[in-house]
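Two complexes follow with chain A in common, the first pairing it with chain B and the second with chain C.
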Partner chain A sequence: MNAKLKKKLTPYGYLLPTIILMMILLVIPIVMVIDYSLYDNVIANKNPVFVGLSNYAAVLKDSAFWTAVGHTLFFVIVSIAAHMIIGMVFALILNTRYLSTRTKGIFRAIYALPWMFTASVIAITWRMLLDPNGVLNYFILLFHLSPEKVTFLASRDIALQSVTLINIWSGYPFYMISILAGLQGISPDLYEAAALDGADAVHSFTGVTIPQLRPILISLIMLDFVWTLQQFALIWMTTGGGPVNATETVSTWIYKQGFTKFQYSMASTGAVILLIVCTIIGIFYVRHQKAEE
Partner chain B sequence: MTSWMKKCLVVAASAAMTVGMTAIASADDVTLEFQQWWGVELPDGALQEIVDGFTQESGVAIELLSNPYADTKTQVAAGAATGTMADVVGLDGSWVYDFAKQEAIANLSELMEADGYDDSQLSDQIKYEGSTYMIPVVNFAYPLYVNLDILEEAGVEEIPTTWTEFMDACAKISENTDYAAYCIPLNTEAPNGIQNQFSSWLWASGGSLLKDGKPGLTDNELLANLVDYFKEMKENGYLSDGVEAMHEQDMVNEFENGRLAFMVDGISHLTTIKKESPDLNFTYAPMPKADDYDGKSGLDVACWGIGIAENCEHKEEAMAFIEYMMSPEVNAKLSQLANAFPGNSTAEPDYSENDELFLKAFEIFQDGYAINEFTGAPTAEDLMRSMNEQLILYFDGDTASVDDMLAATQEAWEAAYN
Partner chain C sequence: MIGKQKKSVKALIIVLLILGAIWAGFPVLWMLSNSFKSNAEIFEFPPKLVTANFSFEAYAKIFQNPEQVRFFINSYAISAIVVVLTLFIGIMASYAFSRFEFRGKGLINTLIVAVQAVPPITLLIPYLSLIVTLKLFNTYWALVLTYLVFTLPYCILMVTGYLNTMPRALDEAVMIDGGSRWTALWKILIPSAIPGLISVGMYTFMQAWNEYLFALTLTKTNDMRTVPVGINLLMGQHAYEWNQMMAMSVLGSLPILVLFLFFQKYFIAGMTAGAVK
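Now for the complex of A and B:
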C-alpha cells in the first residue's frame, strides 16, 4: 500500500468503529422500519405483500390516529410551556443574590429531584397520589375543594390533563438546570448598564435576560419537543392511553398496533410518520446550532 | 522447516483443537433459556430447585429468565417479532393464537409425536389450526373473594348466590359502610378485567361470548342483562372509585386494605393476601348466578402455559424439559407450591399443607367446570380492550343502549376473527 493511499484511508479507519455502531444501532433499524411500512403486514405474516404507500393512506384516514395526534399536540405544547415557565421561575429563584449559597444548594437539590426518578417510579408515585383514596383526594375532601372524590386518571374529562401534569413535574428540572447555567453566564455588566439606563426588574428581564438566554431556550424547546413527542412509558404506566382513548398519544397508538393488534406494518407506518416530524425538528435544531456558531 | 511453515502449523493445530472442543461442548453443554413470570410468583428459589432436577436428570442446563408478567409478555412479543425468543417460554393462553400464527412458537403436536409422548395425561392443550402450541402446566381458578367483616358491618347475613341477592348486598354495603362493594379494573393498559371480573359472571351462569366459535355478543340476552347489571352497579356507586384507571393489582390492594367487600381474583394471590393482611377476615364463594339459572357454573381459569420457540435450536431437549415439567411428580409439586391445580390429570398434589381456603377454592373448582373463552382467541387482549372501551362508553352514557354497545363490540371482534 503506498503511503499516499494509507494517509487517505487512516481517518476512515478511526471512524470505522463509530460508523459500524451507527449502522447497526441506527441506520439498519430505521431502514427496516421504513421497509416494513411498505408491506401489508410483516412478522405476523410470513409472506408479506408490497403495498407501497397504502399503509400511510390508511393511517392518515384513521380517526383514532388523529385523535392520538390531537392528544399528543396538547400533551407536548402544554408540557413545553409549563416546563419553560416553571424551569425559568425556579432558575431565577436559584440565581438570586438574596439567598445564601447553602440555601440555594438545598433548593437546587430539591427542585432537581423529579429528574432523578425513572418513569416507572414517577408513574407509581403519581398513581398513588392521584388515587381516589390517595393523599391529594384526602386534602381535597378535607378542605371541601370538591363535594366528591376526584378521579384524576379515571375520568375521560381530566385524564389527559392529569397525565400532562405528571409529565410537567418530571420534566421541568432539565429546563431549570439549563436556564440556571445560562443565567450564571450572563455578564453582570449588562444588568448594570440596563440599570444605568433606568431599566426596572421587568425591563432587565425582557431586555437582557431573555435575549441572552435565547439560544439556550430555543435548543431546550426543540429537544423537549422531540422527547415529549416520544413519551410512552409515563402514559402507558399510568393510564395505558385510556379511559377509552382519552390519553391516547401517537406513541401508545403505535405500541397497541404492534404489540396487541400485531399489525407491525401499521405500527411501523406510525413510527415513520413520527420519525419524519422528529427529523424536521432535528434539522431546525442543527441549523439553529450552526447559526449560533 | 521454515519459520513461516512452523507458524502455519501452529495456527492449523490451534484451529483444529478449537473446532474439536466446540464440537464436544455442543454435545454436552446444552443450555436452554426458560423465560417466564412464574419464578417471581413462586416462593424464592422454588422454580430453580425444580429445574435443577431436570439438569441432574438430563445434563441439560436451564437458565431461568424470570420477570413479572407484564415484562415477560413484552419480551416474549419482542422475541417473537425478531426471532430471538428464549428456547422455552411461559405462555398465557391469550397469546397463543397470535404467536402460533406468526410461526414464532413451535408445533408441539409434531414434537410430542416424534418423541412418542402420551398426551392423554394432559388435562388440556391449546391448539391453533388443529395442532397444539401450548400446554397448560398449572391452572388457577378465579372464585369470588368475600370480606366477611364488611358483610357483617353492612348487615348482610348470607353470602349472595344470585344476581339479585348480590345487588341487595351491594345496596346494604353502600348504605351502611364506607366501603366499595365490587371492583372491575378497567385500565386500558391491561384490560383483563373484562375476562376475569366481568365475563366470569357470564360463564358462571352458563353464558358464552361466542357462538359456533365466532363472536356472539349480539342477540345474547344474558350478556345484555349482565352489561346492564354492571351499569346499575356503576350508577349506584357500588363499584370502587376510579375503576377506569385501575389495574388488577390495585383491586387486590383495595381488598387487602379492607376497602372492598367482593372481588373476583385468582387463587394465586391467596398467599400474598394472607401474608400482607394477616388479620383480613375473608373467604371464597362460588360466583353468583343469574336468578333463573340452576345449571353448573363455569369457573374462570387462567393458566401458566408452556411452549417452545420456533427459533430454538434444541427442540428435542426443550420437549424433554416440557415432559419433565408435566411429569406427575413435578407437576404435583409445582401445583402445590403455586396454589394451583395440575395440568397433568394424573398428578396428585399434596395440598395438606396448603391453606384451608385453598381447599375451599378446590371444592368450588370441582363443583363447576373450567372455562376461559379468551384462551386461544385471536388478539385476545385487543378483544378485551375493545369491550373495555365500549363498556366505559356505555357507563358514561355515550352509547345509547346496551344493544348498540354490544353491536359496536361485535363489529370490532369480527374484524379480529376474520
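Now for the complex of A and C:
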C-alpha cells in the first residue's frame, strides 16, 4: 500500500471500533424502530403487514396516550422548576461569605447526597419513607397535618405529586453543583461595580448573578428536560404507572405497550414520537452550546 | 442597624442550612438506620433511629446468599468492562478527531453528539430483537455493548477536548525519533491526560453501575442480574424484607459514595461538563 493512501486511511482505522458500534447499535436500531412503527404488529406476529402511518393515527387518537402526555408534562415542568429553585438556593447558601470553607465543604457533600444513589435505591427508600406506616406519616399524625394516614403512592389523587417529589429529590444536586461552579466563575468586580451603583442584594442578584448564569441555566433546563422526559426507572419502581394510570407517563406507556401487552408496533410508534421530541430539544441544546463557544 | 441586618441574614442562612440538610440527608440516614434494624422494627411507632435490636444481621444475610452476592459481582464486572472498553475505544476515536481532517468527520461527530438526545427506551425494542439475533440475550455482552453506545459519546467529546489542548509537536517529536502515532498516543499524550481520564472513567462507571432499563429487559435469569435490578427483585420475592433491601441499597451505593469521597474534584468536573463550560 502506498504511503499516501495509508495516511488517508489512518483516521478511519482509529475510528473503526466506534463506527462499527454506532452503526450496529445506533443507526440500524433507529431504522428498525421506525420500520416497526409502520407495520401492524412485529416480533409477536410472524408475517406483519405494512400499514403506513396508521399506528401514528392510532396512538394520537388514544386517550390513554394523551393522559400519559399530560402526566409527563406535569412531572417534567414541576421537576425542572423545583430543581432550579432548590439548586439555586443551595448553591447561593454554599457560596456566601458567612460560612467557613470547612462548613461549606461538609454541607456541599450532604446536599450532593441524592446524586450518589441509583434509581432503584431511591425508589425503595422513598417507598419506605412514604409508606402509610412509614416515618413521614408518623410526623404527619404527630403534628396533626392530616386526620388520617396519607397513602402517598397508592392514592390516585396524589401519586403523581408523590412521584414528582421523589424525582425532585433525586435531581436537584446536578443543578446545585453546576450553578455553584457558575457562581464561582463570576468576577467579584461585577458585584463591586453593582454595589457602587447602589444595588442592594436583590438587585445584584437580578442584575449580575442571573445574567451571568444564563447560559448555564439554559443548558441545565434543556438537559433536564430530555432526562426527565425519559424518566422510566424511578416511576416504574415506585408505582409502575399506577394506581390505575395515575402516574402513567410516556415512557411507562411505551414500556407497557411493548413488554406487557406485546404490541411492539404501538410501542415503537410511541418510541419514535418520543425520539422526535428529544431530537428537537437536542438540536436546540447543540445550537445553544455552539453559540456559547 | 447594619450589624443587626447581618445577624438576621446569618440566622436565616443557618436555618436554611439545617432544613436543607434534613431534606437531603434524612432519606439517606433513614436508609442506613433501617439496614441495622430487625424487620419487625422498620415500621415501629414511634420510629427510632437506633432500635433495641441493632445488628448487622441484614448485611450478613446478603453476604451469605450467593444469589445476591452474584448481583454485585455482575455489576462490578460489567461496569469495569464498560469503563475499560469506553476509554480504549473512545481514546482512539478522540485521537482521530483531534489530529486528522478526513471525509465524514462532521457527520460522525454530529452522530456522536446526537446520541445524547436519543432516549434509551426508543432503542430498547430493536435491541431486544438484535440482541436475540446476535445470540447475546441474557449475557454480559448484551449489557456491555448497549451501554457503550451511551458511554462512548461523552468520553469522545471530553477526550477530544483534552487532546486538542496538547500541541501536535509532541506527536511529531515521537515520530521523528522513529516512533509510531500509536506510541505517541499511548506513551506521551495519554499519560498527561490522566486527571481528565479519571473524570471520564468515573462518569462512565456511574452510568454503567446505575443503568436499569436495559439490565431489566436484556437479561432474564437471576444469575445475570445487576444490583439495580436485583434490589427490586428482592422486593418482589420477599415483599417484607425491608432491612435486607436497605442493607443491599447501602452496599449498592458504596462504590459511588467512595468514588465521590476520594475524587470529589474529578467527580464534579465530570458530572457538570454538560452544563458548565
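In this section, the second predicted complex is superposed on the first by the 286 of 293 C-alpha atoms of A that agree within 3 Å, B and C clash if a C-alpha of one lies under 4 Å from a C-alpha of the other, contacts with A are read in each partner's own complex, and residues count from 1 in each chain.
Everything that follows uses one rule, which is that a contact is a pair of C-beta atoms (placed from the backbone, for glycine too) under 8 Å apart; a residue touches a chain by one contact, two chains touch by 3 or more.
These numbers were taken from a predicted model, which means no experiment stands behind them.
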| item | value |
| --- | --- |
| Touched partner set for A:F107, first chain B, second chain C, both or neither | second |
| Contacts of A:V244 with chain B and chain C, given as first, second, both or neither | first |
| First (chain B), second (chain C), both or neither touched by A:S155 | first |
| First (chain B), second (chain C), both or neither touched by A:Y264 | both |
| Touching partner for A:K46 - first (chain B), second (chain C), both, neither | first |
| Contacts of A:Q212 with chain B and chain C, given as first, second, both or neither | neither |
| Chain B versus chain C as contact partner of A:N95, first or second or both or neither | neither |
| Greater residue coverage of chain A in the superposed arrangement, chain B or chain C | C |
| Touched partner set for A:N133, first chain B, second chain C, both or neither | both |
| Which superposed partner A:S204 touches (first chain B, second chain C, both, neither) | neither |
| Touching both chain B and chain C, residues of chain A | 43, 131, 133, 237, 258-259, 264 |
| Complex interface listing, chain B residues touching chain A | 74, 77, 80-81, 98, 101-103, 186-190, 240-246, 250, 254, 259, 379, 381-382, 385, 388-389, 392-393, 396 |
| Contacting residues of chain C [partner chain A, same complex] | 9-10, 13, 16-17, 20-21, 23-25, 27-28, 30-31, 34, 42-43, 45-47, 89-90, 92-93, 95-96, 99-100, 102, 105, 108, 111-130, 145-146, 148-149, 152, 156, 181, 209-210, 212-213, 217, 227-229, 231-232, 235, 242, 245-246, 249, 252-253, 256-257, 260-261, 264, 268, 271-272, 274-277 |
| Residue ranges of chain A in contact with chain C within the complex | 8, 10-12, 14-15, 17-19, 21-22, 24-30, 32-33, 36, 43, 89-90, 93, 96, 98-99, 107, 109-121, 123-126, 128-129, 131, 133-135, 138, 142, 169, 173-174, 177-178, 181-182, 185, 215-216, 219-220, 223, 226, 229-230, 232-233, 237, 251, 254-255, 258-259, 264, 267-268, 271-272, 274-275, 278-279, 281-282, 285-286, 289, 292-293 |
| Sites on chain A touched by chain B in the complex | 43-44, 46, 127, 131-133, 149, 151, 153-156, 159, 236-245, 256, 258-262, 264 |
